[in-house]
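The structure follows.
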Amino acid sequence: MKRIKLADMTWMEFDARVRDENPIVLLPVGSTEQHGPHLPLSTDVILPEAVSMLVAEALGAIVMPAVPFGYKSQPKTGGGNHFPGTISLDASTLIAVLRDVVNELARHGVRKVVLMDGHMENQWFITEAIDLALRDQRREGITDLRVVKLGYWEFINAETEAVLFPDGLLSWALEHAAVMETSVMLHLRPDLVRADAIPNNPPADFPLYDIFPFDLAPIPPDGVLSSPASATAEKGRHVLGQVVPDIVSALGKAFA
Amino acid sequence: MKRIKLADMTWMEFDARVRDENPIVLLPVGSTEQHGPHLPLSTDVILPEAVSMLVAEALGAIVMPAVPFGYKSQPKTGGGNHFPGTISLDASTLIAVLRDVVNELARHGVRKVVLMDGHMENQWFITEAIDLALRDQRREGITDLRVVKLGYWEFINAETEAVLFPDGLLSWALEHAAVMETSVMLHLRPDLVRADAIPNNPPADFPLYDIFPFDLAPIPPDGVLSSPASATAEKGRHVLGQVVPDIVSALGKAFA
Amino acid sequence: MKRIKLADMTWMEFDARVRDENPIVLLPVGSTEQHGPHLPLSTDVILPEAVSMLVAEALGAIVMPAVPFGYKSQPKTGGGNHFPGTISLDASTLIAVLRDVVNELARHGVRKVVLMDGHMENQWFITEAIDLALRDQRREGITDLRVVKLGYWEFINAETEAVLFPDGLLSWALEHAAVMETSVMLHLRPDLVRADAIPNNPPADFPLYDIFPFDLAPIPPDGVLSSPASATAEKGRHVLGQVVPDIVSALGKAFA
Amino acid sequence: MKRIKLADMTWMEFDARVRDENPIVLLPVGSTEQHGPHLPLSTDVILPEAVSMLVAEALGAIVMPAVPFGYKSQPKTGGGNHFPGTISLDASTLIAVLRDVVNELARHGVRKVVLMDGHMENQWFITEAIDLALRDQRREGITDLRVVKLGYWEFINAETEAVLFPDGLLSWALEHAAVMETSVMLHLRPDLVRADAIPNNPPADFPLYDIFPFDLAPIPPDGVLSSPASATAEKGRHVLGQVVPDIVSALGKAFA
Amino acid sequence: MKRIKLADMTWMEFDARVRDENPIVLLPVGSTEQHGPHLPLSTDVILPEAVSMLVAEALGAIVMPAVPFGYKSQPKTGGGNHFPGTISLDASTLIAVLRDVVNELARHGVRKVVLMDGHMENQWFITEAIDLALRDQRREGITDLRVVKLGYWEFINAETEAVLFPDGLLSWALEHAAVMETSVMLHLRPDLVRADAIPNNPPADFPLYDIFPFDLAPIPPDGVLSSPASATAEKGRHVLGQVVPDIVSALGKAFA
Amino acid sequence: MKRIKLADMTWMEFDARVRDENPIVLLPVGSTEQHGPHLPLSTDVILPEAVSMLVAEALGAIVMPAVPFGYKSQPKTGGGNHFPGTISLDASTLIAVLRDVVNELARHGVRKVVLMDGHMENQWFITEAIDLALRDQRREGITDLRVVKLGYWEFINAETEAVLFPDGLLSWALEHAAVMETSVMLHLRPDLVRADAIPNNPPADFPLYDIFPFDLAPIPPDGVLSSPASATAEKGRHVLGQVVPDIVSALGKAFA
């Protein structure tokens, strides 16, 4: 049996895999962030970890332990960092963690790394971490390392969008703790979804700018940016059923 | 005559303005980034600076010297940092500059600051800088500082979009050095637009992931992400004519 | 049912718990480090996480997601960072992660934090992180935060030591991937122990100094510092059976 | 027409210049600092930028956008950072900006860089930035980069000094917002000089030490360290007329 | 006469030594830390400096100026950082100092460096400094630098332990300002020992965890962790008489 | 007997002094830098330490252990960092050390600190360290800390200058390892001056700019910037005899 999780391997198994297979290694990058009254704080860890596992299974890849803390939640994408339980890192900290991990993988001979993002707020800091790690590796004489960054939600195609939102998508920006995430959680971890607490409120309506300290007025008090009432496990299954093979195929090309 | 640019004021003028008027202070945050064969490297400085000046005129606000260097250009939003002349800062550097400037304004008594972004890649680093500056100020006992972050392009409304793209918008993501920016530059600084070099190529087509080091294959070799051929000064005039009053109005509410 | 893992809670549950109970929050601080041919790379995550869960159950405490990466493995305590699969952080990165997390907990009202170390190399960096977080909080006006740092192995008492090592303990320093860790893993996660690969070699013999780059000569090539051959699940059960109530009792006093 | 400002060039023009001419690139390093009741806050940007443009014209060099913020103004050289409108950077920030910009120029193939200082307080931080950038480049395998640091005022010779101060120079240290700077500003930007506000007070008299927080007693309340009353545009013209060709000649030798 | 202290050499002497002898260079890493009512704040500087001098004499090595400030004193190993006169560095500062010094030695051609620790709290930060300096040197193309870290007290053997503690050692952890340090100070610098203030109190009794802010209850109010009443100069002489030749011999092997 | 050196005090003596006398505490800030063929690498430590001791004696002040490493030697002020034996710190490291030490003194109740510089290159980094420490203390609620920065050589008056240079001073900038430093060393530590190696070469002649990497052409190969041939111990005695009481008097005013 070939193990997928780096955490479960012995160092000898990992070493043999790297030397023999030049495998892709996926690092789920999550967050501990409020996801409304119905989803757990770990939603943004569970989702990229699950996608990574499925992708890895298909590709013979390895999945790292997820980074459980991400960048500060913002009102328009996550409700905001003020919600209790939201545990975030400074930008410099998140960049440092990701940079170190990529460097360590490269040190052990890995040449194909994927940073699988589960939290929109992480995106640009992932980019910087990769840029700095590539700089470090260049100075170590390593020039054949390739690193892919992706957000699994970016791979949802029009057909799946129609399944998720038969009446039309309001806005991806408002999908925090809404139909898509709730559906996939209902599919993957129904035990962690408080089905009776799924809210059904009108969508948030934000101004075109951001203001700090946050203006709490436009932020829904439950932290849900648009209604997840139409979420179903079936929709969640559909999302993964489409997204996972598409990511598999994309990574095949990316590391060709 | 009331001056708008902080650079042009003496310290006594600035001091009087701050004490008497509690003015809004705008900081244009730009970049030095390739903008195709027809637009200058300073495009992302000129645009937010011009918008800031017009907004300030209407609001009696003050405009700071623009930050001329921004975050590293990315293929999907700016062609990429590899284009010659693209002079970018590390994330930590950009964050530090903006944090210091906001802190300095607060130290002198300013309580309403706007970071006017001209470069998409700057966005999240602006957010972090503001968050850190607010933390600093809190520790200095200052709790009434408010800071707005905005990208002027976010204020373009559906009607203006229709003016810019009578045949429909392809994608805002591909608007780098394209119709909107070229139009506004033709309106503001026709002397800096190489009209005879405006290209007319098909739009870039990127994969759903990002890969580092950049895969140059999908990046148009001239650095223009979609065709600016239909740009006109008149369209540029229209953009500013709509966006500026809308920003003026938004800031009025933000700092109410 | 009261949940123990912060990851499983909604923000509202966490918030209520903090406001109503002033709970202890435990953060397992692990590492991804070689543990010989028989134990998984996640050994130093699994152990403090398990101890934290048991302690939390007894105390009504909350357990955070474990920090899965720790400080660089050293020959005398972990075999060394050169073993494949050992993914470590720079000191500044580890300090930053722990500092941020403690600060975030304090921000949300938590006043009793435990950093439960699972990896000897983490110790001093945990100390620095706590010191810096307390400094930060002091500057935020928070002075009633108390943070405990502990290594669960420090609580093993003489009686348990006799159970583990009926022929006498060689040295705690050489217990990496040896009797104690293997026994507790056999008890907790037998599925992750390669029973047939448990080695039985003489203990490592290191000089009194450390040398960098590592001198590989005194390091056992399998990464096991002394023989785990006498490990049993029963011994592991005994360790937890003694250590957990003692930690529970110690924390009771620490936060009295 | 060959453009001088990098800001005005397209990336293709810049690229061609670098490949074909191996040009000198000048980076004006300024500050936003009080300059008395008569000079604008941007005085230390305007002067090095003007000198850079004149030097570049003579040398076929390229001028970068000026760094508009510098190190914290000190009483003995600039009146002090407490004067309103003085917007300064922490040392680490200023060093980072300059280091990044030099690194970016080197990345694009530039091998001759001049950091043209306009603010005495910047000097040592410029030195550190250059030292760190050269270290970075060395690690990238680039060893033929040469970087010159200069303060344009250092080039004022005895003859020009006699023109500026027919009754003898009091002290260069007290020339902040005084005869030299006011004269060059009257020559370059008379529109920004409040001629009617030019003060005529006795020079500042500082102790031999520095004390922090600043002792305000010896600092002239208007921020002018010695009288600019004898400043004239003609003197300003003379300064540039001497200094510019001397810098041109010096750079010729420096990069020979 | 061959000088031992780098401080006393001219640059030409140092240069000749490095080129001709490839010498070992020792850097004493101390602290300024409370050592009870009887020992000076510099105890942790004096001891590693003295050991370094004796070792260097035997080996023809060079001794650097000691680093006089170390990491924050902790209750269980030093009484704690709250004792007046204890002047400590942040972890990042201490790491930076040691990293810079090792890098500078390497730059001048030194290839054998010893960091001679005099303060338990410094240990892990020394490790990180060495790791980072080796990384820096690797990127400079230097791969033959070897750095040894040692605490002189680690070399005390069983026989010397019996001399120091004829009634048995209580615990090395409690030896702060106790028999060993007091004895060596009585031998080396009796002028700095307040013989009449040597306390004789029962040993400290700490819990198995650490708590922050420090719980002052278990910390002896005079800062002495166990009684130094049995200290003698003769014991101190014995310690050095055993430890120094053993370190000499160990370094001979380490740099063979 | 009242001790002057903090290093020699017990914590109780220091504590009593701070509480009873609110003493001035002096921190000598030195460097390990080439000083020609005749002076030791520690010249810039010995001189500020000696001045500090004499000043402290007169004022009842306390002297800290000197910081033995300073900022990178520059050609025009110290010959340059390339001279063997010159062991320098990065700017960020030097700033951090000084900031930490000032913060620690303030934490223990000291309110009057003097940073006594012995190395010209340290100056601006001392300024930044003080500024940052004052910021830190402000955030700790401490607002009555005063910190003086001084270079002892700044206090040499015209009369002493005439004693040192009966034929006229060439330039203070060229006094590195020259008449003044050599004279004071001959007075204080004749054992460390290689009298037979005192050179007598023409002064260095530098261009008006600085270039990096250093241009070695204008740097005297022995590292001495102007001839120390006329140095005498008597001149050295005279310097201290004038400078010390003047600093004593200045500090009396500074902390009045």
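The first chain written gets the first letter, and so on, giving A, B, C, D, E and F; residue counts start at 1 in each chain.
Everything that follows uses one rule, which is that contacts are C-beta pairs under 8 Å (C-beta built on N, C-alpha and C of every residue); 3 or more make two chains touch, one makes a residue touch a chain.
Because the structure is a prediction, the values reported are computed rather than measured.
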Chains contacting each of chain A and chain F, listed by label: B, C, D, E
Same vs different contact residues, chain A with chain B, by half of numbers used: same
Maximum centroid distance from chain C, chain identifier (CA atoms): D
Selected pair, out of A-B, B-C or E-F, that shares over half of its residue contact pairs with D-F: A-B
Higher-contact pair (C-beta pairs counted), B-C versus E-F: E-F
Distance between the centres, which are taken as Cα means, of chain D and chain A, whole angstrom: 47
Euclidean distance of C-alpha centroids - chain A vs chain C, Å: 27
Residue list for chain B, restricted to those that touch at least two other chains: 90, 92, 139
Interchain pairs in contact, sorted by label: A-B, A-C, A-D, A-E, B-C, B-D, B-F, C-E, C-F, D-E, D-F, E-F
Complex interface listing, chain F residues touching chain E: 5-12, 14-15, 18, 32, 34-42, 45, 64-69, 83-90, 92-93, 96-97, 99-101, 104-105, 108-109, 192, 194, 197, 223
For the chain E and chain A complex, residues of the former touching the latter: 138-139
Interface residues, chain B side, partner chain F - complex: 139-140
Residues of chain C that touch chain E when the two form their complex: 71-72, 74, 90-92, 95, 121, 123-125, 127-128, 130-132, 134, 146-150, 154-155, 207-213, 215, 246, 250-251, 253-254
